[in-house]
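Look at the two complexes coming up: subunit A is in both, with subunit B in one and subunit C in the other.
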Partner chain A sequence: MDKKISVNVCLGTTCFVMGSSNLQELIETVPAKYGDKVEVSGVPCLGLCSIDWEFSKAPYVKVDDEIIKEATVEKVLKAIDEKLKK
Partner chain B sequence: MAMNTNSPKQTSHLKREILVRLIRAFLSDDFEERTRLIPYDMRPKGSEVPYRCCIYKERAILRDRTIADLGYSIEEADDSILLSDLAKKALDREEPEDHPLTVLTTACKGCVPARIYVTDLCQGCVARPCESTCKFGAISVKNGKSVIDPEKCKNCGMCVQVCPYQAITKIIVPCENACPVGAIAKDEEGHAKIDFDKCISCGKCASACPFGAVHEKSQIIDVLKQIKAGKEVIAMIAPAMIGQLPCTPQQLKDAIQKLGFADVYEVAQGADITTKNEAHEFEERLMKGAEFMTTSCCAGYNELVDKHIPEMKPFRSDTKTPLYYTAEIVKKEHPEAVTVFFSPCVAKKREALNDKNIDYVLNYEEVGAWMIALNIQVAECEGSEFKTEASAEARNYCVTGGVAKAVQSLLPEDLPTHPVIIDGLTKQSVRDLKKYAKNGVCDLGNLIEVMACTGGCLGGNSTVNAMKPALKQVTNYVNESKHIKDMEEE
Partner chain C sequence: MFIDIDCSQMKKYNQNAYGDYFVSKRYPDEAMLIAVLSDGLGSGIKANILSCMTATMLLRFIEGGQIPIRKAAEIIMNSLPVCQIRKISYSTFSAIKVDDDGNAKIVEEGNPEFIWIRDNEVIQPDYDTIPSKTFKNRKMRVYKINLKLGDRLIFCSDGVTQAGLGGGRLKLGLRREGLIVLLKDKLKEHPDISSTEFSQYIVNQARNIETDRLPKDDISACVLYFREPREALVFTGPPFHQEKDSEYARIFANFKGKKAICGGTTANLISRELNRPITMDTTISIGKLPACSYMDGVDLVTEGILTLTKALEYLEANTPDIDNAAGKLVKFFLDSDCINFMVGAKLNQAHYDPALPIEIEIRKNIIKKIAAVLQDKYFKKVNIQYM
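Right after this comes the complex of A and B.
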């Protein structure tokens, strides 16, 4: 059995206000779509927003080690699909 | 229609980014210059041009958006005025401007006027139901295709419905389409313009515009100024605020105090008074033979009645809003304090203008941006308790149906109470309300709760959290609160 893909949606204050509030739906929709191949969770601040002006690139989502800036539901699903293809 | 009012939109991302930069500019040692540089910091030389034709237009639009965040009308600001001069002016301002909405015309030009349009899918069929169904004789067939005469077309949309190929479509202007009272329309030059005599400040145009061209004039600078001056500034948070950030209500209170607020009151406290008064009033009205009564806590609805349905006034409850009672309590307990209401919507800014106990209003985007600017991690705050408890019913006011439910919970069981919920103002629900007022009767029930926003205050135009998770957070809080009936007995 292949290793699970892990998706971490940052729910720190910055990411939340800049849009991860709207990514919370992933926590329900991803398991429904991919079953146990993907593990998704909301996590406390990943610390990516505090570097200089990087708050403007929030919200951040990590798909395994890949950091997705200005994440949207579409971007995250695309990243998952690409990892599953490998 | 269940429009997704707070969907992830690039426009809100942009608006919030500017707010964070503006707040950081205020907190820096050179507010005016840092403000002037916001458009250049966001689009430095050689940067990508994500949305507009060129970097200059991007910056011009970011400049206009900053003007609204400084609290000024974009329409009235001269193109040549520097942001630094406006920042200085904002610092000297005593009172916020009266109407809270403003339109960014440079961002709005892209929309074509609303009309009925025959697409290439038209087959030029033999039946031609479009031609025969048009009451105005606006459709004729030329070169094998239906053609609409714009002089005769009244935009009724009958042809759209009858075309067997779905070849005719209605092109809409999102802001015009969303406005329940026809207060926003394109002018001769194609720019959207708000008619403030008609506008009920519901904020639906701001949510609907895909270009983010409708802005709220922010009062953030005014509030920051009061805190910097060392005033006792007190936050009054609407029930909807509880669902907005990823933390507990107690952590939220702590986080707000970290912004510099002396204390935080739940407006749910005032909602308990509204519930009691409104229940009493409803019973009294029914005894006197009234056919129905509407609630009176939604600012958008109140402005609708005042401006468009005066015949509804006798049916609207005379009870004051939860915000009114809360602000009265705060000013009584702290006569010197500056009061700031944390609002889910723009309409409450209008209510505050007419209430001497409410000094300023901030929306949740502004509060959220402020937390970002100060790097406050709400989930890591310790948390502190609210001094006065509010009931489960009061804390549920922000959910559609919550107000009627609260009022009903205090009514005698034998009183014939039939709640009707108007879940969001639309052109259709405004027509329905006009009908009830005119006929003096509502055949669906007798206790009409009206919410301007779909989903209640949680669907407000300036909320941060998505509806579903926000509702979950509010419901958790409601479930751990006491019932208003049990509190009365104590």
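Right after this comes the complex of A and C.
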């Protein structure tokens, strides 16, 4: 597989206070685990909390096109693993 | 014109209090500024009390305009007692009252003559001498001058002009001539140096020429710099009417001066409208704030409410130089003279979820508080536009 998997961690206000501050460790742990197959970066805001607000599913992380709601480190790593298996 | 003023000081070695005292105050309604620098006799606590009393009283006399500066200074000159041992007056002083158009009145009693620099040349203004009615050999100089854009005034205590006195190289100390050479050289190197940096430079240079780099007297340097105000614009929050996004984005793009964006959604909006990509700082956010992002043509891009709230905290507590997004925002504010806010009134429903920390405030309220502290504590000119 040539194409890199991109992981975007939302660091907007809502996501940040709802837990994405802890997800930032992915920026260090993911390259250590997967090398250059996966690229992780923060984004100012994915704009999802204002659309999906009644469900309060922040923090959000995007793995390629897949949106992970109420993201945790485990959920994100699982999503990456599944993408890599394909 | 904007008057950039600052004063740097250093204590005499082995002393734990400053013997010189500097006080300055802006009066925005009258577009005026008053500053006083006083040097108390001796050093340490005693000198500190003498100079503090002289400076604060003189400022009180001048402000409000009840007594002209010349009369106020005369009253103080005639009343200052004489030291029993040294037979000289208890303190010396320089005072300036200047408006935004550059009309200045200056009085000096006992302090070194101020230095007026225009286009890197020293101007020697005329002055009146007023002798004291009560004390022989005590007199003050009174100046009335007009300042232009780019002019600088340097006031200092004799700790600067007498630095190095009796030492190896400079038998008579730095003196006015030596100081002028230092000032001109520095200005040739950094024509736009701020008053803060310039006054620090003068004090450090004076210390460096003292024997063993130990100040033998209190050293103070006060600099006034007359310049164009530095304009800044902060765009925070999406506009209430989405169809106006492009219009406001254009205003933001066309603004001449420094620019900041506070808010993830806002950053995306500007990025979309101006077609400029955002890149996020890859370092992990420090402390409890999201990291900054970068965009072409924008000096600072941060998260919104959390960063603004933290910046307000830093401004109130007077804690600059903190290495996070809010610290950078504070520096952005303090490096500007006129700060314009464009505040979007659109609410993000998600921020009102009770699950979120209570600290998440309404944007308008934080901006109002930031504007108040910038005006009252840091003497900035602030404009707020809601959109």
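Rule of thumb we're sticking to: the second predicted complex is superposed on the first by the 82 of 86 C-alpha atoms of A that agree within 3 Å, B and C clash if a C-alpha of one lies under 4 Å from a C-alpha of the other, contacts with A are read in each partner's own complex, and residues count from 1 in each chain.
The rule is simple: contacts are C-beta pairs under 8 Å (C-beta built on N, C-alpha and C of every residue); 3 or more make two chains touch, one makes a residue touch a chain.
Computed from a predicted structure; not experimentally measured.
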item	value
Contacts of A:14 with subunit B and subunit C, given as first, second, both or neither	both
Partner chain in contact with A:22 - subunit B first, subunit C second, else both or neither	first
Partner chain(s) touched by A:41 [first = subunit B, second = subunit C, both, neither]	second
Touched partner set for A:81, first subunit B, second subunit C, both or neither	neither
First (subunit B), second (subunit C), both or neither touched by A:70	first
Subunit B and subunit C footprints on subunit A, overlapping residues	11-14, 16-18, 21, 24-25, 42, 44-45, 49-50, 53, 56
Subunit B contact footprint on subunit A (complex, rising order)	11-14, 16-19, 21-25, 42, 44-45, 49-50, 53, 55-56, 70, 72-73
Contact footprint of subunit A on subunit B as seen in their complex	6-8, 12-13, 16-17, 20, 41-42, 245-246, 365, 368-369, 371-372, 375-380, 464-466, 468-469
Subunit A residues within the subunit C interface of the complex	10-14, 16-18, 21, 24-25, 27-28, 41-45, 47, 49-50, 53-54, 56, 58
Subunit C residues touching subunit A - in the complex, by the definition given at the top	263-265, 267-268, 278, 280-282, 284-285, 288, 290-291, 293, 301, 303-306, 348-351, 353, 355-357, 360
